[in-house]
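Pasting a structure below so you can have a look.
The letters A, B and C name the chains in turn, as written, and every chain counts its residues from 1.
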Amino acid sequence: MIYKVISKPEFKSFIDAIVKANTAYGPKQVDTGCKGEPVYQFMPVHAADEIAFDYTATHSSAKHLFLPFRDELSKFSFTDGNWEQEVRYDAPPIVLIGLRPCDINAVNILDDVMLHGPYPSPYYLARRKNTFIIGMDHLPLPDCFCKSMNRHTVNHGFNLFCSDIGDRYYLSINSANAFSFLKEFKLEEPSYEDNCNLIERRKKIKHSFTTNIEVTGLPVFLDIEFNSPIWEKWGDKCLSCGTCAMVCPTCYCYSVEERFDIDLKGSTRQNHLYSCNLVDFAQVAGGHNFRPKNGDRLKYRYYHHYRGFAANDNQQICVGCNRCGRACLADINPKDVINDLRLERESCMTCVSTSPDKT
Amino acid sequence: MNHLGFELTRVLIGSFDFTCCEGCQLQLANKEATLPEFLALVDIRNFREISSERLDDYDIALVEGSITRSDEIERLKAIRARAKVLVAFGTCACFGGVNSLKNRIPQEELVREVYDGKVIETMPSMRIGDIVQVDLSIPGCPVSKDEVERIMVGLVTRSAATLPKYPVCVECKQQLNTCLFDLGEICLGPITRAGCDAVCPTGKTACLGCRGPAEDINYPSFVQLVKDKELSAADMREKLSLYNGFGGYLDQEN
Amino acid sequence: MHDLRFNIPGQDLNLEPFALRAPDFQKKCEVMITDRGYKCRITNIVPLSGQERLFLLRIVDPLERELFNFRPGQFLMLEVPGYGEAPISISSSSSNHEFIEVCIRRAGHVTSALFEARQGAIVSIRGPFGTTFPMEQMKGRNVLMVAGGLGIAPMRAPLFWIGNHRDWYKDVRLLYGAREPSQLIFNYQFEEWQKVGNVTLHTIVEKPDDAWQGRVGMITELFDGFTFDPEETWAIVCGPPVMFKFVCNYLDGKGIPMNRMFVSLERRMHCGMGKCCRCMVGSTFTCLDGPVFDYWSVMNLKEAI
């Protein structure tokens, strides 16, 4: 990692140059909500002016640039009495601007899942290797809880990371590519004051979190509470609409479908990002559904996010961006569900142990 | 399917319309990019918009429209008797569709208003499933040609020919749309069956549920959502009843 | 202006650490990690019952045929091009490189298409995937095998293994139950298993027909007929969850430790590689951590039974 500082106007011209020379995605305001709040999404950008550098958070994550909602795995073409299979996993290079630390951590988690298991995914690897990530820090929103998940800072997984220190950006340069692009622009060595400003900025971010979730010991809690009535309670609210999984930066469950071409001369295998909240996620060929109830499926999503899967070293995959909580129409969010789960357990504790204070 | 050692035969199809706009059938004729392949897949025996053939030997009958006259009942029963697979084609056939709006108003009043008192035989709009057994439903106002093609290919090849079980929200989020509830509108996306690629919300128009309810929907939670957002319950009911797809849920409430 | 475009080749797969594992690994990697499968010809189709058939598959490419190595208990993803994939447990002997046998019940559209396919048809397989029965660890012990219904399909691979290494094991017993006598598939091999394999076979059905002269009842009733030393016995139990729950609890009561009983779980799978999460049971992938689990793990898996 090499550290430099860059003035904001110079930074903008750097972004402008890189955006104009590449396929680039960055935060853009796409709508204004009914309460006057801006709505941001990662969209294709063609000039630095289009990018909302001071955006709060995007509604959807940038996950689909690594794991497209629909992705072609392979193609079969049928010939006389035989067939050929064509597998393609090339990805054109893209630049991704403005990812928050939690978003970059989410990509790092996807790396663990997709690349570090016994069967690395070449489809993901091709996209990941061809994505140039420029990260930017921000002051947390009132409902961000990435600090609780320890995902509010990031030290790898990006090419360039920019911290806002007033009139300049403090750059962490993490790839040779990024370093050589920046050679064209006016950079300075960080001064003592810049370093102090960076530390102040970090402190300010750290102390700005207002939402905290107690996640210590949560994996055990989730195991113990597997049959807790709270799942049914939240399940009764859940619309099973899959919104949470679609906007989540780490939800990666998918389904594989094969479709004939209309001329029946071939077929295509695709994977579709799916959600464990959707009604038929655990349905098998005979029609049996292993998770028929909303609560079972909701629980399963929390189980995946906060307990983690054995094959991925039981890593909690939630980064605390609260996109799911913001997007949920039924007002289900991780903070309330987890607090409820803890309360449930604590009330159980009080009913079995007699307290000397109570008479 | 040469590589598997068996041959597929073209299926014989007939397409019929009852009380409707024939827009769903038009969808099939309209998508020119794949029309030759589609016609190679099926053998059209009876399809007013595509062919002059009027033959009665078909395996699959696509039935568009709802039933609003007694002679339509007889005709539908005859089609059912001939077809091996009867497909309810489009929202009118599946749920009654917009035609069902007339069911809210007394018949005499309707005839007076629309036909100025002429003698017209009419009755409340019915789904075709109310009269005959339906083997397969392809909802949509209009149907999605891609979905119809996929299901037709499924029928020809005997592979999966099913509709998505999840709601429109999944596809809407995949288009990175802003949720219409965030824009202060009631959208039926959370409870309506997907498969349309969220075409209406993508065009900033609320989903009106033309594809009917998704599998195992959480209706009470949806009602609560409209309440929590302080949106009009009357507006919600209006939207739910437009295509008559949510009749069962609305009745439950009353 | 300096050209800022960058281009990292998309197929730059850094597979060195894997390449150390086996020669030809690059080729094998291609097969295993992408969507590419081994091309197979269906060389024979044996009807077993109304709903079940045995398919003999032969990998077309000689090198791939040699590379395809599996262990008892593993499964493969069988692709019927055009129709899709289904997870299928391997039913043949792991020492047989010429043919792979799979026993298939007609259930979904993939298996239905396979039932339509003729001899000579070309399909595709990916794999093998998953965990295996601990055949080496059972060396020197008694093996108690309990199969219910189609549970006999995953049981055949360990049966063949035992047949090939019969002197490794002491007493080998197969308890096999089904609803009706016609559902006792592979009955044409019973004699071979008993005589050649030296396996003691007990069968039972729930609903006998007129010709049935054997025992009638639930599979657990077969335990009355013999005794076993729980200290020296390892168990393999395959069948529907209700059945292995009963059987394993019975064996637990008899003193076989739960980590010496092995079951094979079935779930819907889409990828076979621990990615799609369709086969999750609790926090465990059936495809990576299973399908063979010891019963202690199953007891600890949420939602397994």
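The working rule: a contact is a pair of C-beta atoms (placed from the backbone, for glycine too) under 8 Å apart; a residue touches a chain by one contact, two chains touch by 3 or more.
Predicted model, so just to flag it, every value in this text is computed and none were measured.
Between A-B and B-C, more C-beta contact pairs join the chains of A-B. Comparing per-chain C-alpha centres with the mean over every protein C-alpha atom, the closest match is chain A. Centroid analysis (C-alpha atoms only) places C farthest from subunit B. In terms of their C-alpha centroids, the spacing between subunit A and subunit B amounts to 36 Å. Subunit C has its Cα centroid 43 Å from the Cα centroid of subunit B.
Residues of subunit B found to touch two or more other chains are 1, 3, 5, 157, 159.
Multi-chain contact residues of subunit C (touching two or more other chains): 81-84, 122. Touching two or more other chains at once are residues 78, 81-83, 260, 264 of subunit A. By the touch rule above, subunit B contacts subunit A in their complex via residues 1-3, 5, 8, 34, 37-38, 40-41, 149-150, 153, 156-157, 159, 165-167, 169-170, 173-174, 176, 178-179, 181-184, 189-191, 214-218, 220-222, 224-225, 228.
Residues 80-84, 109, 112-113, 116-123 of subunit C are the ones touching subunit B in the complex.
By the touch criterion stated above, subunit B contacts subunit C in their complex at residues 1, 3-6, 157-160. Taken in their complex, subunit A has these residues touching subunit B: 30-31, 33-34, 39, 41, 43, 59-60, 64, 69-70, 78-83, 236-243, 246-247, 259-260, 262-264, 273, 275, 278-280, 294, 327, 329-331.
Note for the complex: subunit A touches subunit C at residues 17-18, 21-22, 73-74, 76, 78, 81-83, 85, 87, 89-93, 113-114, 117-123, 125-126, 129-130, 132, 177, 181, 183-184, 223, 226, 252-258, 260, 264, 267, 269, 271, 274, 276, 281-286, 290-291, 296, 300, 303-304, 307-311, 314.
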